[in-house]
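Input: structures, listed below.
Shared chain: subunit A. Partners: subunit B in the first complex, subunit C in the second.
Here is the complex of A and B:
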């Protein structure tokens, strides 16, 4: 034990040294950006060292989860400064999608319910942000995003109430009806939502002055809007991840897993089934709305056709393929979504399909739908579950 | 009398019945599979859509409507049987969300494949009867030969299915396999085969429905043509009770009529919202459906 810890100190010390050298090298030209990178490196090393200690993970689980979230955000933020604008944009879309997937993963994996309406819940958040920003353009985005979350939670509560008495397929069918009805709702309030054409944001989201001031002499890429939005999305995803990890491990989370595995036993030990189900539904709707709100910010606009039934099916397939009911599964699903279009475009280019043809335009649906069926039939725990089992088998050897 | 027949309310009732029988048919095919295999077939509409494409796209355009319809029904039978054997069979006894996920995935595959082969554009089917409303004293009655054809076809299908289940040996075996699989297996019923047959029948009913929907000049045949119809059909089935064929039929027609009034007096965007509201309220009051005797859930 002692030896392990001193090894960690050596690793930490070396990494700190490397960070310092890196900072001084970068510092020659671009002082402030280099400072930022150095801080990021130090934070990474400190977090990694902490996490490497089993004692720390065991005694301070919440702090450990916070450290993991901070590390993930830290690494992603540094990487965004080096990626091209297209990759950054994909990452942001995928990070926002991860938030949605975390919500559905919690609903399905923890309480055993399923929703085919999370695309519509995303739409609730997306339109809340767009409508609010058009009426009150000066509101800070953090406030607007909170509003989106609140709107999503309210709609989730409304639809979640009947969910207290419904099981599996009935609930799925009801959420499907909601997903199909969402377009009609938007049309009904067409004067606010802009009808079929949707809404534009009045102004692109800009980085606040102090951030610009901090980075101005440094790498210019950090000051561009796209990177700023990507960073906001990643930080938000990190916060959402932190809360979800705690929720999974909390008393509520454990109660919900019992509801999923044996609802009769859950009731016998005093868990209120309706309460557990409604909470799970509200959380998943709120997370979906947050992801949708971020999409509006990233795209600077919102169109109703994005939030149709097809999106709900895509969300479901990403959760299942990534690994239902697990946090890594949701992150994997987000990554898949971020780069699926690129992979499919690459595939189209290399197989000589006409990119504008019928087959190429439908590849997305064929692949995701097929993977969804195959995953649920042959590997119902998805990628995360598969890796976990392999890992356990490897360690047991 | 004639002014009564051409009045707004009667028009709404007639139009509502015409839509309602379609919802009833979708609901019926959902109930057929739900009773025997406890699976809600989310791919129902897409399977029917594929069968219709097979019936009307594979054959030459000059082929008669009725031959194409027969081909669509045979295709429906085959698709239903194949689906049960290949996909559904691995889902029996699994957690209840697994079939939901699998059927949604299958829905996505079918719609994408249909769009890849036949494109997303709408395809007009030959309409066998005029869609122009009959006239009474130079005023239209809200009933056209085509609407009457829809209603008659639906009634025929329902009668055939009811007769099959109630009055034939095969129907008895089908019901036995659905209600008490273990006992009927002991008594020599090939339960697995009966489940496949149930899916085939349901899928054939779906094929007829999709042909009716697609022959309507205003909708035509698209890969997603059945999405909305499926949603209403599911709502009808859930309100009536997924266990009750009679409930499915009645609530389908009732839903059609009510929604026709909503669309006429309120707003066409309100239709699906009212349907959703009715679903939510009815599920909160009677989670197992209006027409099912409430049964204690077995632990």
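Here is the complex of A and C:
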């Protein structure tokens, strides 16, 4: 019986793969781009076939997590080639936000700590990338992003140490102080950070030569700066997703949940509370910094006002809206963030509002605030929790 | 200090605890050796829970020392207990409410689970293997206590008596040499009490047990030795039959005028 089912799956998967290849050749035009899409389709079919097997998911959890990450990246990369540059740009901003949300989801959802400072942690990464790129313009992007992660982790450690002695509102207060002080600290080092006006990157990030060579400039949208940035953001988000899924499923993730659930019992099974709490802070800050670093690359610039207190509140709202402590929740939150920019653009275009005006600049807050209220009222476990419950109820019927 | 059998696992040495002007414990000394079951009893407010918390490092003694001779350690922090072979259950059930029963029991084996943060982050084979092993042994422990059928349930969904067994299963997962039980009998019915007593006496073969308990009918036939606290002081130690005849104990419990 099982053999028959898996054969059917392979046949269906192959048919899907062939269809995808044909569609991509028709849609893209150049043979090389079509080759790339074909590879993507084959990877998708192979991954989906593996994941469809319950046995595989059970016996190879790590490979299954890797396959999910690869599939998510794969599909997103293919889709970006079909969207407009504006949509792509918004998606990249949203994908970077997803990384930040993964980090806060781990801190708040798993270890039970609250942070109102993750916008500032993002800022740490954003400025690390900008400052470094201005002093060492030839450093590869991957290395610069790693530096942003390290910088975020260090600041997270600094803030996490005192945070181990604080709970609830006091911890929120301390992270709030960090968020508020961040702008002043940037100003203090104005010669490095560019003060109020921030920094420009010395050059826009472009695809490396081998990619340009493969696709031949001008024949494919893949080689444009905006699509390339979207692609690296998506790939980075995929890697971040994989690592976070590992953490959630591991001994470390379990230790976090135990600390959150019952700290006395957690100590008794041998978990050091301060250590667990500091680790959660470091992870959260490192993820936020990575997202911030990507924002600098995407925007080609960084301004201190972006990383004010409002951003931290938005991040916390998005984690709650998406579903706290879950990976799909972080992705949903990122999509909502990306989508909100589109909604605002559409709204201002159709109402004749000045997009740079006062009202338009408040629309973000109205959207997220409204969604937050709706979530807390009707889906306390966030959209991810809501969907999961509905799905379980539907299957149980 | 007399020790019935085996090596000494826990020694409280002239421990006093003051909370401001209140003397919760005054010069309390007793010990627990491997292979014996020691009951800590006393009227309400006698300092039993404080003594327990001192033994676990949750409360620092104002004076005196807590030794773990078998482990060669003194005055440890609570998070170090599991590593020196001490496990404790909490009053009530003290389970992790948002984790399944199986995860609760796996948590008990935290110190045995391999792998640090890096192992977790990169999902290195060592960590994955050890998680799988932990899951298997947690399942085996649930089976040993006869509650494997609730492995996938949440703690709030299972009966109290079963949850108590799960909390013992969690404590046993660290393979302790000393087990501290905080009011193991509370909230259990007759049949469950009997099962629990049988389980605890069975444990004696591989570890020492210290329990705090109100229920005398449960404690008396079970323990080898009793330590009686009253107003923060040890007023008697000895076998159940000795304690039953002890005048000071009777006075403390019945409030007889002297």
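We adopt the following convention: the second predicted complex is superposed on the first by the 344 of 397 C-alpha atoms of A that agree within 3 Å, B and C clash if a C-alpha of one lies under 4 Å from a C-alpha of the other, contacts with A are read in each partner's own complex, and residues count from 1 in each chain.
Rule of thumb we're sticking to: contacts are C-beta pairs under 8 Å (C-beta built on N, C-alpha and C of every residue); 3 or more make two chains touch, one makes a residue touch a chain.
Please read these numbers as outputs of a predicted model, since none were measured by experiment.
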item: First, second, both or neither for A:264, with subunit B first and subunit C second; value: both
item: First, second, both or neither for A:359, with subunit B first and subunit C second; value: first
item: A:165 touches, of subunit B and subunit C: first, second, both or neither?; value: first
item: Contacts of A:55 with subunit B and subunit C, given as first, second, both or neither; value: neither
item: First (subunit B), second (subunit C), both or neither touched by A:196; value: neither
item: Which superposed partner A:180 touches (first subunit B, second subunit C, both, neither); value: first
item: On subunit A, positions contacted by subunit B and by subunit C; value: 264
item: Partner subunit C, residues of subunit A touching it in the complex; value: 61-62, 65, 243, 246-247, 249-255, 257-258, 260-262, 264-273, 279
item: Interface residues, subunit A side, partner subunit B - complex; value: 108, 112-114, 116, 159, 161-162, 165-170, 172-174, 176-178, 180-181, 184-185, 187-188, 264, 309-310, 313, 316-317, 320, 358-359, 361-366, 368-373, 376-377, 380
item: Subunit C residues within the subunit A interface of the complex; value: 56, 58, 77-83, 87-88, 90, 94-99, 103, 106-111, 113-117, 119-123, 127-128, 130-131, 170, 174
item: Residue ranges of subunit B touching subunit A (in the complex, touch as defined); value: 39-40, 42, 87, 90-91, 94-102, 104-113, 115-120, 227-228, 231, 234-235, 238, 242, 267, 269-273, 275-276, 279-280, 283-284, 287, 299
